[in-house]
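Reviewing the structure listed below.
Residue numbering begins at 1 within each chain, and the chains themselves are lettered A, B and C in the order written.
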Amino acid sequence: MTAFVIRRLLQSIIVMLAVSLVAFVVFRYVGDPIESMVGQDMRLADREAMRDRLGLNDPFYVQFATFVGNAVQGNFGISYRLQEPVTRLIMERLPATIELAVASALIALIFGVFFGVYTALKPKSPITATVMTLSLAGVSLPTFLIGIGLIYIFAVELGWLPSFGRGTTVMVGGWRTGLLTESGLRSLILPAITLSLFQLTLIMRLVRAEMLEVLRADYIRFARARGLTDRAINFGHALKNTLVPVITITGLQLGSVIAFAIVTETVFQWPGVGSLFIQSVQVVDVPVMAAYLMFIAFVFVVINLIVDILYYTVDPRLRVGTGKR
Amino acid sequence: MANTQPDLKLAAASEGVVLPPKPPGRLYRMWDSDIFYSWRRSPVTIIASIVVLVIVGAAILAPWIAPYNPFNPASLNLMDGFTPPFSESRMGNYYLLGTDNQGRDVFSTILYGSRVSLFVGFSATVFAMVIGISLGLVAGYQGGTADAVIMRVADVQLSFPAILIALLIFGIARGVIPPSQQEGMAVYVLIIAIGLANWAQFARTVRGATMVERQKDYVSAARIMGVHPIVILARHVLPNVTGPVLVIATIGLALAIIEEATLSFLGVGVPPTQPSLGTLIRIGQQYLFSGEWWILLFPAVTLVLLALSVNLLGDWLRDALNPRLR
Amino acid sequence: MRKLLLTASMLAIAASALPASAETLRWARGADALTLDPHSQNEGTTHTFAHHIYETLVDRDTEGTLTPRLATEWALKDGDDTTWVFTLREGVTFHDGAEFTAEDVVFSLDRARSERSNMRQLHADVESVTAVDDYTVEVKMNGPSPLYPNNLTNTFMMDKTWSEENDVVEVQDYAGGEDNYAVRNTNGTGPYKLVSREVGVRSVLEVNADHWGDAPAVTEIIYTPIADPATRIAALLSGEVDFVQDVPVQDIGRLSETDGISVTNGPENRIIYFGYKMSEEPLTSSDVTDVNPISNPLVREAMALAVDRDAIKEVVMRGNSLPAGVAMPPFVNGWTEELDAYPAPDIERARELMAEAGYENGFTITLDTPNNRYVNDEAISQAVVGMLGQIGIRATLASRPVAQHSPLITSGETEFYLLGWGVPTFDSAYIFNDLIHTKEGNYGAYNPSGYSNTELDEKIQSLGTQTDLEARDATIAEIWAQVQEDRVLLPIHNQLLSYAMQSKFNVEVHPENQPSMADVTISE
């Protein structure tokens, strides 16, 4: 067990290093950070001086070593654009993204499981056909288009819901939340729906497939033979066995939800880390971009590690093989 | 295709040959297969196929059927810009679906734009498929270190949303390619970016299937007989994964088309003078509140129809190829 | 007695907290202020925001003329044309109650000139700043600098004591990874005080009851950056914000027709133009490989004739531009109507010129354009690609965000490009220094054309120290005549700005796009 965990940890560290290298290399090429820091008046000589101060003229490996060394200490430098410590910027905006991500994951999970079970139990029903087709629309519509459409209908034409931002927020022990005010909750609805559609489709299809699979399993047949009620079979046995992979996938997807939030946050002007990232890309704010990428990688590595360890403890078969499955 | 069956029967009858009906033509056997049976039974799938055929056909034939060539800037008349659909422009020209902000015929732009989107989508999917299958086969067949490395990379890959990866690759390309060449290369960079963002799914599936096949006796036998691993992989393993790969490829195509649109929406796609559907939506989105809805609506509907239909086909294919669901 | 005191102090609180009536203005624009440190960034959005909290010695009104602010008078010292004397406003206090005096001005100008300040370009010619008495400051220049006060409209005054107490005497060294108190906290003399700030999300300002000027009608400002134009407009339409500063031209029509929303228009002090390589080395992006076709004056004339500025105005800008014949906004010293006259497009003649130059079959070239900096920048470039196509110039459009576009210009890599140029000093020299002068040293930073005219360079340099304003204007006219003759730049238009707001507010367009909410009037 210890050996397994250590091996996994080592692999995770290598992954983080690789990601940091990629992040670092790429961002050297995304554009010239000096451009976004200076006005049109800046003289060429001063630009050079600034370049020196920022260390942009140092050899590549020196810059990378500095970067990793600082990153390990949680220091990603000062944002070129906003001139604030990057770690503080990300921490300030993280609650917004997490609240959005969790809300959309909940929507996706609740409706996904519901529709997934329904379509699996009633495969021939016309509602199933409709839901299956409509759910595909969810993955066929680009996120930005869904967002703009929802704003147009519910904010502009009907005036029911706010079109941007988080509404009124409250500080609760260093965590700025929008969940405790009415305007905060109303502001959450449209972006959460926009972000959840893709996951909803995914979960629904997963639940449906797993359910169909499980319903064929021998123990379900035996259960039926034993005369258990449909209700007990469907929900007591089938759904319960379906949920393990579903929750795993949802957990693994949470990282990608945070990342997918980039587009949603941009359209709704949601003050989370995703919109911070895209603004930073536009002005080549290298420290923020690098920190964001590392952050996403970190979230993924941690979730993956937890899932791996859980699997390892739950499924003895894995103890002989190497990876999962 | 719908006429094949009666024709065959008719032909058989006229020759006076009655049962055993052998040998039905290849087309007939295809038609009568389980897959096509399920195709015939699903009106949604039939409609989806027709939509895909129409859009792909129109895209391929664009240079011959489009009334204007929107990719030739010299032929545009800026003063015709913002003409509503079904009406005459300021300069007295007629545009079926109106014109955009540059005076381009929206109908023609959609035809040409679909061409770009489909080209990028297809090429990126094929690219992803080639990389994914090769790496998946190697990982599954070799196992050990190669497997661990490839699958870890795939894990990292899957953890990053494709959009982010594509943005990164675009960034690298921008740094490597000299500025004067960048626009010409944009389409290829896009293909590589989307392709590299989507290979992991293929690799995972193929690896799994390969590991299963590898354990089977006939593969062991072939290996003992000294058959080259590449031959084993190509002859024995690959055919077994065609089904799932085809499903992933179909859904991947829809995904690639949407990814291209999102990248173009974020402003890192093809040049605006040679727009794809995504670029057209990005342009049209600016005019949503000002009342020029047609610039956004028609390309958006085309994109959604295309992606939806391809997804529906993928969906049907998955069910049709899964024997347990029949 | 105690009761009376209590009532009196309560009254005082009530009076200071609620001058006349409370009016909140919710202000949205595309970006947030980059920092609250007033000398750290020389950038328009940041300055616009800072003007509400901090103040400058001189200000510029909506017509573009200099007006007194913290300085009531300024003049060259008698018999010394290298020293400017500023007389300060008396009775001004900072938000923390400290009095504003000459030593604060000396401190602030020194801070603005310090190495890490991004404002120091504007004060490069300053030799020293001294306080003569509490309300008089002398600024000694390296040489004659007749236009120096023009450079002061965005240099803000900080309190010396407050800065020392909070360790912000130096401008933040963000490259060195330092945090700085002044980035998030303020102590200015301006009409508003900072209440709270979430970077990039929302900043709240409340009126400064002790301000020396007239009490503003707007007593609270809630500033929210909204990056996406469609979301910004949606927020105004749904009544979530009161004032949108960056209105896309295509939405002006609908907004003006919407009940309860009004739109104001006005010219911005910014020219949009195309530039190109003019030297003879062949272009890397062209199929003409022996020589640069644009080095031929006939080709440049043909390009100028092919561009239909009126069509760009009509369709791309929806009427919101002032087509230009010279690369200089009308606000700028040196502008004349004759210079600004532009030719009617003449495709026939342009084709003849192309043929005469030996390019009847045209040539290819890459046009670099930004896509997020100026109003419809990409669409303008796209339209010009179409127009040039009609005379055989087949341009490929390379569209990039400004962070990737600008380096191509400063590094000289671009061969044909679109750029916009604002003129904060309202003087032609500012344009000549960066766009016309040969690229060398402190000059020509934005001149990738390879255009180099020694005689012209000398004239441009002489403008910096010429004190005889009449002779100076004559030199400016000579330089423009040469620039126009050589067709160094291909001007398109001056941008018009549009502000949209809930009808009860009235915000006038500011030529530098720096409106002050303190000047907003409210009608019920």
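The rule is short, and it goes like this: a residue touches a chain if its C-beta (ideal position, glycine included) is under 8 Å from a C-beta of that chain, and two chains touch if they have at least 3 such contacts.
What you see is a predicted model; the values in this text were computed from it and never measured.
S.K.: Decide which interface, A-B or A-C, involves more C-beta pairs in contact, and give its chain pair.
M.R.: The greater number of contacts lies at A-C.
S.K.: Of all the chains shown, whose C-alpha centre falls nearest the centre of every protein C-alpha atom combined?
M.R.: Looking at where each chain's C-alpha mean falls, the closest to the middle is A.
S.K.: How big is the gap, in whole Å, between where the Cα atoms of chain B centre and where those of chain C centre?
M.R.: Using C-alpha averages as centres, the distance is 47 Å.
S.K.: With chain centres taken as the means of their Cα atoms, state the distance from chain A to chain C in Å.
M.R.: One centre to the other, that is 39 Å.
S.K.: For chain A versus chain B, what separation do you get between their C-alpha means, in angstrom?
M.R.: Taking the average C-alpha coordinate of chain A and of chain B, the gap between them is 25 Å.
S.K.: Of all residues in chain A, which are in touch with two or more distinct other chains?
M.R.: As it turns out, chain A has residues touching two or more other chains at 30-31, 148, 152, 156.
S.K.: Quick check on chain C: which residues sit in contact with 2+ other chains?
M.R.: In chain C, the residues touching two or more other chains are 230, 234, 237, 372, 401, 404.
S.K.: Residues touching two or more other chains, restricted to chain B: which are they?
M.R.: In chain B, residues 174, 285, 288-289 touch at least two other chains, as defined above.
S.K.: Given the complex with chain A, which residues does chain B contribute to the contact?
M.R.: 44, 147-148, 151-152, 155-156, 159-161, 163-164, 167-168, 171-172, 174-176, 208, 254, 258, 261-262, 265-266, 278, 281, 285, 288-289, 300, 303-304, 307-308, 311-312, 315, 324-325
S.K.: Which of the residues in chain C end up touching chain B in this complex?
M.R.: It is residues 229-230, 233-234, 237, 248, 250-251, 253-254, 284-285, 308, 311-312, 314-316, 366, 368, 371-372, 378-379, 382-383, 385-390, 392, 394-399, 401, 404, 408, 413-415 of chain C that touch chain B.
S.K.: How about chain A: which of its residues touch chain C in the complex?
M.R.: For this pair, the touching residues of chain A are 30-47, 50, 53-55, 70, 75, 77-85, 89, 92-93, 148, 151-152, 155-156, 159, 162-166, 176, 266-269, 271, 275-276, 279, 282-284.
S.K.: What residues on chain C touch chain A, complex-wise?
M.R.: Listed in rising order, the residues of chain C that touch chain A are 32, 34-35, 37, 40-43, 118, 121-122, 172-180, 183-184, 198-202, 224-228, 230-232, 234-235, 237-240, 372, 401-404, 406-407, 410, 421-422, 434, 441-442, 445-446.
S.K.: Within their complex, state which residues of chain B touch chain C.
M.R.: Listed in rising order, the residues of chain B that touch chain C are 72-76, 78-79, 81-82, 101-103, 174, 178-180, 182-184, 267, 271-273, 285-292.
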